[in-house]
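You will see two complexes here that share chain A, one where it goes with chain B and one where it goes with chain C.
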Partner chain A sequence: MDKKQLKLLNELMEIGFSLVETNLYLDTHPTDERALRLHNTLSAQYQELEMMYTDLYGPLKATSMSQFPWRYIEEPWPWDIEYCGCNY
Partner chain B sequence: MDNNMHNGNMPLSPYSKPGVELAEGYFPFQVMGKVFKPKEALCKGTLFPELYKPYKVGK
Partner chain C sequence: MWIYEKKLEYPVRVDTCNPTLAAMILEQFGGADGELSAGIRYLTQRWTMPTGQAKGILTDIGTEELAHWEIIGTIVYKLVKDAPINKIKGTPFEANYANRGKALFPQNAAGVPWTATFIQSKEDPIANLYEDMAAEQKARATYENLIKLSDDPGVNEALRFLREREVVHFQRFGETLEIIKDYQNRKKHY
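For the complex of A and B:
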């Protein structure tokens, strides 16, 4: 998997995880405006990254659109990817 | 009679004494303050610094 694709995938995972966290926090704090603003900002970023990924590398999820022919079955599968470790 | 029986109530676990509450959960209501950047959040497993409590070996 080329570096650029891996970087984009990593960003999707980072923002996706943060969205899980803001979602869970908002479930118990629905009136926390700052948390909701953060959630919506992350959500917009996620959608943009997902569109970019899909245009470049094909469907990220089975529900994503695909060029012809169906690209969802392309390699590598998620469990075959060497993800870069934790360094922030 | 099993000496753990407590005057007909549920039998006490072997570790508690009569009249002593087993446990009472308590946690303050979280208020979002600082948050980690997404990259750090994924690595640490939480978005919230106040919830990041890794077990330190031999602390």
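For the complex of A and C:
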């Protein structure tokens, strides 16, 4: 995986993780307006970044659109990626 | 239903080839207090939960546990994928290799296969939530043991991340327990 793709994937993973945190927090604090605003902001950022990534490198989810031929099955799968601390 | 996202929750870096450590980390892949147990436990307990809030937290934490199971599998795989046979011989990973090579299997560090008897599911939501909170603490303790056993810096980063998630989940289950207690008390009084 080239550096540009890995950088974009890392950004997506960071925002994706932040969304896991706001999701769990909101499940037990559904009336925290500030947390919900943060969640909505992150959600918008995630959607934008995911669309950008999918356009360039193919779908992360099987429900997404793909160029021809079906790009979802392209290597590498997540456990085959060399994430090194030096990519940023 | 579920939709797979083709990414890990945490970028797993592994710096060494270490079949012994891989065998120990299997504890969290298929052990009693491992990520598979956690995911199946929470997702199975959902059906009889009394409130939307409790159904939600079990769904979302259960789903995150499956992402952790994928992280653990990735650590194990990366620790052995480049191992030559002479680095496997004489290590605790040798028994796994004899059966299935470098393939993964839901078993604990001692090679005991995963079983549903590791988990419990009750109609009583209080009993479930106490079990879930205990499970998070047991997993946290296991991660601390694994961090002491590991001298791979990349693996330790991932293990520390997973340990922290246990603490967060414990917190969320504790909040859910209080919400359920309030809900049950409110119901009794009218």
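One rule holds in what follows: the second predicted complex is superposed on the first by the 84 of 88 C-alpha atoms of A that agree within 3 Å, B and C clash if a C-alpha of one lies under 4 Å from a C-alpha of the other, contacts with A are read in each partner's own complex, and residues count from 1 in each chain.
Definition applied: a contact is a pair of C-beta atoms (placed from the backbone, for glycine too) under 8 Å apart; a residue touches a chain by one contact, two chains touch by 3 or more.
Not measured: the values here are computed from a predicted model.
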Could you look at A:A35 and tell me whether it touches chain B, chain C, both or neither (first, second, both, neither)?
-> first
Looking at the overlay, does A:E21 come into contact with chain B only (first), chain C only (second), both, or neither?
-> both
Determine, under the contact definition given at the top, whether A:M65 touches first (chain B), second (chain C), both, or neither.
-> neither
With the two complexes superposed on chain A, say which partner A:A44 touches: chain B (first), chain C (second), both, or neither.
-> neither
Residue contacts on chain A - larger count, chain B or chain C = C
Given the touch rule stated above, what does A:L56 touch, chain B (first), chain C (second), both, or neither?
-> neither
First (chain B), second (chain C), both or neither touched by A:M1 = neither
Kindly classify A:M13 by the partners it touches after superposition: chain B alone (first), chain C alone (second), both, or neither?
-> both
Chain A residues where the chain B and chain C footprints coincide 10, 13, 17, 21, 25, 28-29
Sort out for me which residues of chain B touch chain A in the complex.
-> 30-32, 35-43, 46-48
Would you mind writing out the residues of chain A in touch with chain C in their complex?
-> 9-10, 12-13, 16-17, 20-21, 23-25, 27-30, 59-63, 72, 77-79, 81, 83-85
Chain A-facing residues of chain C, complex | 3-13, 53, 56-57, 60-61, 64, 70, 73-74, 77-78, 168-169, 172, 175-176, 179
Given the complex, residues on chain A that touch chain B span 10-11, 13-15, 17-18, 21-22, 25, 28-29, 32, 34-35, 38, 42, 86-88
